[in-house]
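Please find the structures below.
After this come two complexes, each holding subunit A, first together with subunit B and then together with subunit C.
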Partner chain A sequence: MEAQITTTATAPRFQEFWRVFRRNYMGLVGFIMLVVAIFVALFAPALSPYDPSSTLNVTTSDIYNPPSAAHWLGTDDAGQDVLTNFIFGARVSLTIGFFAAFISLVIGGVLGIIAGFYGGRTEELIMRFTDIMLVIPDLPLMMVVIALTKPSIFNIILVIGLLYWTTTARMVRSQTLAVKSRKFVLRARAIGSGKRHIIRRHILPLVLPILVVQAVLVVSSAVLAESTLSFLGLGDPTALSWGQMLNYAFGRGAMSTGAWWALVVPGFGIVWVVLGLTLLGQGLEQVLNPRLDTHHLMPGRPVVRNEANEDAEKPTGKSPLLEVRNLSIHYINEGSPPARAVENISFNLREGELIGLVGESGCGKTTLMLSLLRLLPSAGQIVNGRVIFNGRDLTALTEDELNSVRWSGISIVFQGAMNALNPVRTVGEQIAEAIIKHLPDFPRESLSARVVELLDLVGIAADHKDHFPHQYSGGMRQRAMIAMALACNPQVIIADEPTTALDVMIQAQILELLDKLRKKLGLAIVFVTHDLGVVAEMCDKVLVMYGGVTAEYADVDVIYNNPKHPYTQELLKAFPDLTKPKKKLSSIPGYPPRLDALPAGCRFAPRCPAAFNRCHTEQPSLHKLGDGHIASCHLVEASK
Partner chain B sequence: MSADNFLEVRGLKKYFDVGRPTWFSGESRSLHAVDGVDFTLRHSEVIALVGESGCGKSTLALLLMGLEDPTAGTVTFEGRDITHLDDHQRKDLRRKIQMVFQDPYESLNPTQNIEEIVTEPLAVHGIANTPDRDERVKKAMEDAGLKPAEVYLKRYPHELSGGQRQRVVIAAALVLEPEIILADEPVSMLDVSIRAEIINLLAELRITRQIAVIFITHDLGSVGFFADRVAVMYLGRIVEIGTMLEVLEKPQHPYTKALISVIPVPNPRLRHERIILQGETPNPIDIPSGCRFHPRCPVAFATCKVSDPPFVTLSKTHQAACLLLVK
Partner chain C sequence: MKRWRYLSGKISWALFTILFVIVLNFFLFRILPGDPARAGVRDPRLTRENIEAIRVRYGLDKPIINCFESLNPVKIGSCVVNPLDTQFFIYIGNLLQGDMMISFHTNRPVTEILSERLWNTVILIGAGQILAIIVGVLFGMFSAWKARTSLDYASLTISLVAWSIPTFWLGVILLFWGSNNGMPIAGMSTPGMSSYPLLTQWGDIARHMFLPTLTYTIVYMGEYMLIMRSSLLDVLSEDYILTAKAKGLSIFQILKDHAIKNAMLPLVTIIAINLGFTVGGVIQIETVFSWPGLGMTTVEALNRRDFPVLQGAFLLIAVAVILSNLLADLAYSYLDPRVKTE
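Entry: the complex of A and B
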């Protein structure tokens, strides 16, 4: 069944990396700058106009000559061609930079991994040693060491390498700690892997990206350090690095003779390499450590509605509290077809009603839910339909007008209460903040009483107000999230998988709480879940979504006792029924479709046990079966 | 009952130090994660360990795997005491007892492809260079439902769905041809529609490969059809153990009754009275006196506060620890 997935050639990791890196201009510019510098250093003899070792034919008239046709960048204090020295200087500077960086990375990497992996006394010892190294000022120490030993290239590499590993060690240690606590390391131990195997196969590959970024930054520090040392006269007198060029020019009257070229040219070399490496390092960090993705705080796309598609049907009788009409949402990515995440969804919700929004992961439930308050990520766009709340069309409001509805009219209880609470502030403060943010005029003196009242509403004792989230259990955090959602007396609460990560008993407690709240406060609730069993307990209506479209929409009793859509039927069969414990569970083979590669016909057809030819070619329309029961299936039409 | 000595757990305890005596307080506190667990597992038997988080079921799994060292008690496997083994002695044993973890998104190394992941256990045990290696890897993958294996070999975990990843974890366990699989909440992170797939797979393996399964879960509903026996844990102890039908249809311990009552029934016409226990499992540092369940028990009486209930035998296979059952 899973063989349907065709063998798409998996791009090797490097190609994948290159594909992303290519679009990172900062990193790419830095990379090119570095390549140019390395190229110059490698092919120095071919590129330079003169032989750097020839001191023949130099006369006093050759000293500090300005740029000319014979010497494009002028001559230096010894009458030598600055361009030639500059090109050969790249060799010295880069060699020192790379070798010193290599030494420091090996030391820092090894110490960091050992400290992070073994912990305990070993870690204590290494990290305290690192701290000591870190507080010793590098430059004076380097000067002393070099002054005491012979200032040769070898010594300079060694000293820089032995002093510049502290940052690397600390970063590698913290990454090792993070990787070590991941489950796949525990699994490797359960298999029987030894410590060395775990470090080599599981820790190192995940520490490597940090090492790569760090390598680039350390090379630039090393180049700078070498230049500084040379400039101070502690460089290798036999090797002419850029720093050494500066040293000679500065010490031998380039300033007083106005020979700017003798100073600017080597300075340019240093700036070029350090800037290139810094850019490359930042670029690499962005690619290897992608934290800068678009998020919900970025402004969304405007609503572009296709009026022709609008359903002209008017609702009859008392208008509902929240009405979603023909809502469609596409994710728009440049250069690829839009992902039709939600298409033509309609439902309505009255005061005190609870609707279950049910479907597997990737069925567009979360997209639909976020779109109600226009909180979609920036690629998501409402392309059709209306969200009517209390008679106002939310899709037509401005951002400011919408802010008055957010939280005060409709609020959201997010999935994963652990991540949605700020760990460094007390729960009471966070609830108070939610009130102030949305009701700026709220009297400050009654704020504390309001927080206690909200906590009491969700069953948390007042003395827990000043506790931090980590002092709360999972169930209490979820209650706190509900209290926060109630902060501004909303009429509608959207609960996005509020019980998914919780134990059955806590899940039952939260469901009981939501049920109590809707009776007490007349709240309407949209309950998003993948678990049909949960909603059976308390929903009035159920909307079953599949691949972004309505599969079935009906009263709760109809969904469970007379489902018409094969997807609903299959979902029910997959659910363990304790009243028939011996029954084998059935599962729905395959997976929901990718939203950017939807099947031509019915979106469920590839997995449907009842599919026939027409299902693969033609999309079923929404068939009304009376009493508000809607199902989108060709079989329903046939049997009507 | 000769088969009884396959895996035998007696009086197993694990206490964690949570506060060493300090300058200011001489008190040392310990967390009683597992506090005296006894059970036996027979050849190719499926036993479900059920309880809320904090009941010690995951610590119990780590103890059985030798990933934590027990404070007291013994674990015997095929007549051999395996309670305290060093890494070297444990290594061969690991081939026979394998583990499947809760979170398939976390338990696979994102930098390894599927072939590397499934081959790794063979390499660790020094049997990766045998001529039948590829055959073994392929068979393990196909037995785990990754068919045909070739399609998946070069893929990376992030390219697979949650259900497929869990199958990869199972394949990496199967490749060593284990006799016991310890599955710690293997489906709780998956969609309901996929849970059935993984449970059916484990049920199949005990038939095709005669593998015994210890299935750890907080959801009694998911163990119904394939567990032979069910053990309900509360605060580090087993409070009721019996065959699946005994526990599900005739639960005797008030905790088991409550757990069963809150299992969602996918039919609104069968909405029923649920026994919702208030609060959460108490902190295992301060275990309540007497019966450890009494503060949350809806039917507790005075004696429960002082007297720790013994196990009461209800049938040859069914036992529960509740004072109401003591005659």
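Entry: the complex of A and C
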């Protein structure tokens, strides 16, 4: 019964693995190279033109003959065919490599699992020993041991196997540690399964993938080690491995006779096998342990603007400080349709105004904020709309022009300020850096005073200026981030959930601080949050987002007293109202939609208590409900 | 305070490891087959008296350690001998005085031979290591910055190929090329150079160094490139890089002020750990180019079964690697503020 379950579970897993692996060129090339090498080794007698053991008819005139029709790769110091020896050499090199790797994997695997699983003294002892073995240089040690024993294939395999287990032991141990604390292992221990059973049934299957990658790398090290030992004259004189061929050629005059073939050919074999194994190992690693090779400095995708879609209506009266008009952002994934992360968002922001951007996590708030300064990850693309700041369209600027707007015009307070500050530079340096960049005329001698002033503004004492971020508490880091955002006197600050992950008291302090600064410095703030309480207290306007689109956009009073969109209504029900303490709080069942699987109609329809047929088929448009109040809901249209 | 505990922990661990290596080095040569004296002087004409004389000269007539007369074959001896009159403690005592016996082959003190050769190896490793780090780090930075473009894939491929080439073979190929192009093919200097002015002598050494250093650089730059690439990729996807970008810093400024130092920190440790493997590479390079350093000394001692020299060279190499690891730990604690101030 149990066996049946495992087979049905592993077959698709292997197919899945193969499907991904097939597209990993590095791994595939390595795999093919290895298969070729093994094939050559297995069918050596059939492939080689001569019999390697035969010395018949060899005369001195056969020594170091250049490549010819009879000897495609020439002859060696004993007058033998290099190609034949090369093909048979694959057998020796691969055999030693595989057997030595096997021994070292068994030792490393067993020690690693024991250390990781049993912990305590055992682990301490094993890992300390591993550390020592890791430091002792392996080649000199191997040389000493083989010099003191007899250089035979058996001894070489043994020595390599006994010395190359250290990295395996370390990796297996850390993997075992990770697996050990997983739920199903804890459960198995709780119901009293034996330790051996747990190791065999639960830990080994999850350690195995790492062991496979490790095996590939250890085989390549072993092949290299064998060839090195042989080259240094410590190989088995009766087994002609590639390293041994090189040893003979180098030691017996191939260099002075100019017999390059005797030197090049065996080395080519070693490089082939080692490179194949390395590529295979890298490929396997990438497949089993995928990591995105993207980073923040990759060039962004060009902004596309669909003019036909653009709202023809021009804003009336004085233009606002920041105007976001019909902004849409897609995430582009090769091979699948783009994820429509943000669609058709518009809002305005005037001097000194505070707009709240509300929605559950994953509804595109952060994407929207990053796109304002074009800081999207490389997969993100602005596919429509404009961001107009002080009359300039930020989506049309070059990267250099944008750099002058960033921070001096609009700055950002990132969420989770721990990683937003560079851990190896002092907080003061990081604040001063922004000033130096944007205010080049700022007198250097008063720079330090300015940093102290900024820190003082957010309530951080001057002596913390030269401290590193890890010496700050969470709340202090967030405040330092705000001080940094204020450094160049920006007109707009984007605060992206600046209070998440902080305790309630600190949250209140930070919010109070932002509100105070807004009044004092006349800042306009875009405040991203999922906390409606904060919005009620501070904001002038609210934009409620759901699944990347506008649900409702209005003044804060309207949102609270006359919400039109069912999502806003549900959000308000989930938020405690102090005037009605007896009212029951409710939460919205379900989750926001996944961006790669958006519903056909209204994005909120699957969770909406008021949804009807039309909601599931047709996306509602943005309906204007008088003075700056916008809601996207079919019900609104019906009631209009 | 915490920093002191960190440092003293590291230092005492290094001392313990050195002690382990000394003990290992002593017993390895006594457990594995072959009486050192007989293996060293394999001459059938030697009489029993001669061999005995050699055994006395090298102290091999004394018990190995209390309770053990010899370890191969195992012969239990008296436990009530003066420990200071056993081979093990005589060996330790001599080591403390810098005495590592006398070479079987040249009759010179091993310490003298090794200290002559040590500097030649240090020069070679120093030059090669610096070049490999510079080239590898630059390539790695470039590759990470241009991640997932064809330039990245090209330099990745070059690095993996360089990484897969056996050091000795690359040396042989370069030597073959060099010998056909008028490069010096062996040793550190041309014989008879000592009568020339100092500058000419140095130029001559530099010419001899070129190929060994080139071999070293090619072999190790691939590895540094791969490490730097992945380290920098990690750093460049950190939040603080996004902050720096939002601050309006140019790509050059971000790399210079926020990315490279952070990415280099793990490299410091890795370079030091690598020194252990580096020694293996140097042994091969010195053998191929007849560079008179520790590696060549080791291989020569091996071929002549000159065990005192082999034993001494192994100990010296191991201790050097342990000390450089210690140095890296200390450097790291100094460079990374997270360790320094905790």
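Assorted remarks:
Definition applied: the second predicted complex is superposed on the first by the 448 of 640 C-alpha atoms of A that agree within 3 Å, B and C clash if a C-alpha of one lies under 4 Å from a C-alpha of the other, contacts with A are read in each partner's own complex, and residues count from 1 in each chain.
Following the convention adopted for this analysis, contacts are C-beta pairs under 8 Å (C-beta built on N, C-alpha and C of every residue); 3 or more make two chains touch, one makes a residue touch a chain.
In this text the structure is predicted, and so the values were computed from the model without any measurement.
By the touch criterion defined above, A:Ile132 reaches subunit C but does not reach subunit B.
Once the two complexes are overlaid on the shared chain, A:Val144 sits against subunit C while remaining clear of subunit B. Shared-chain residue A:Pro599: touches no atom of subunit B or subunit C.
The intersection of subunit A residues touching subunit B with those touching subunit C, taken from the two complexes, is empty. On the subunit C side of its complex with subunit A, the touching residues are 17, 20-21, 24, 28-29, 32-34, 144-145, 147-148, 160-161, 163-169, 172-173, 175-176, 179-180, 233, 236-251, 253-255, 257-258, 261-262, 265, 273, 276-277, 279-280, 283-284, 287-288, 298-299, 302-303, 305, 310-311, 313-314, 317-318, 321-322, 325, 336-338, 341-342. Residues 2-3, 5-7, 10, 13, 182-184, 186-194, 197, 201-202, 205-206, 360-361, 473-476, 503-509, 512, 530-534, 536-537, 539, 556-557, 560-561, 570-572, 574-579, 581-588, 591 of subunit A are the ones that touch subunit B when the two sit in their complex. Of all residues in subunit B, only 52-53, 65, 67, 87, 90-91, 94-95, 98-99, 101-103, 106-113, 120-121, 124-125, 145-148, 150-151, 154-156, 159, 161-164, 169, 172, 176, 191-197, 199-200, 218-222, 224-225, 244-245, 248-249, 258-260, 262-271, 274, 276-278, 280 touch subunit A in the complex they form.
On the side of subunit A, the complex with subunit C involves touching residues 131-132, 134-141, 143-145, 147-150, 220, 224, 227-228, 231-234, 243, 246, 250, 255, 258, 260, 263-264, 267, 270-271, 274-275, 278-279, 282, 292-298, 373, 375, 400, 402-408, 411-412, 414, 416, 419-425, 433-434, 437-438, 468, 470-471.
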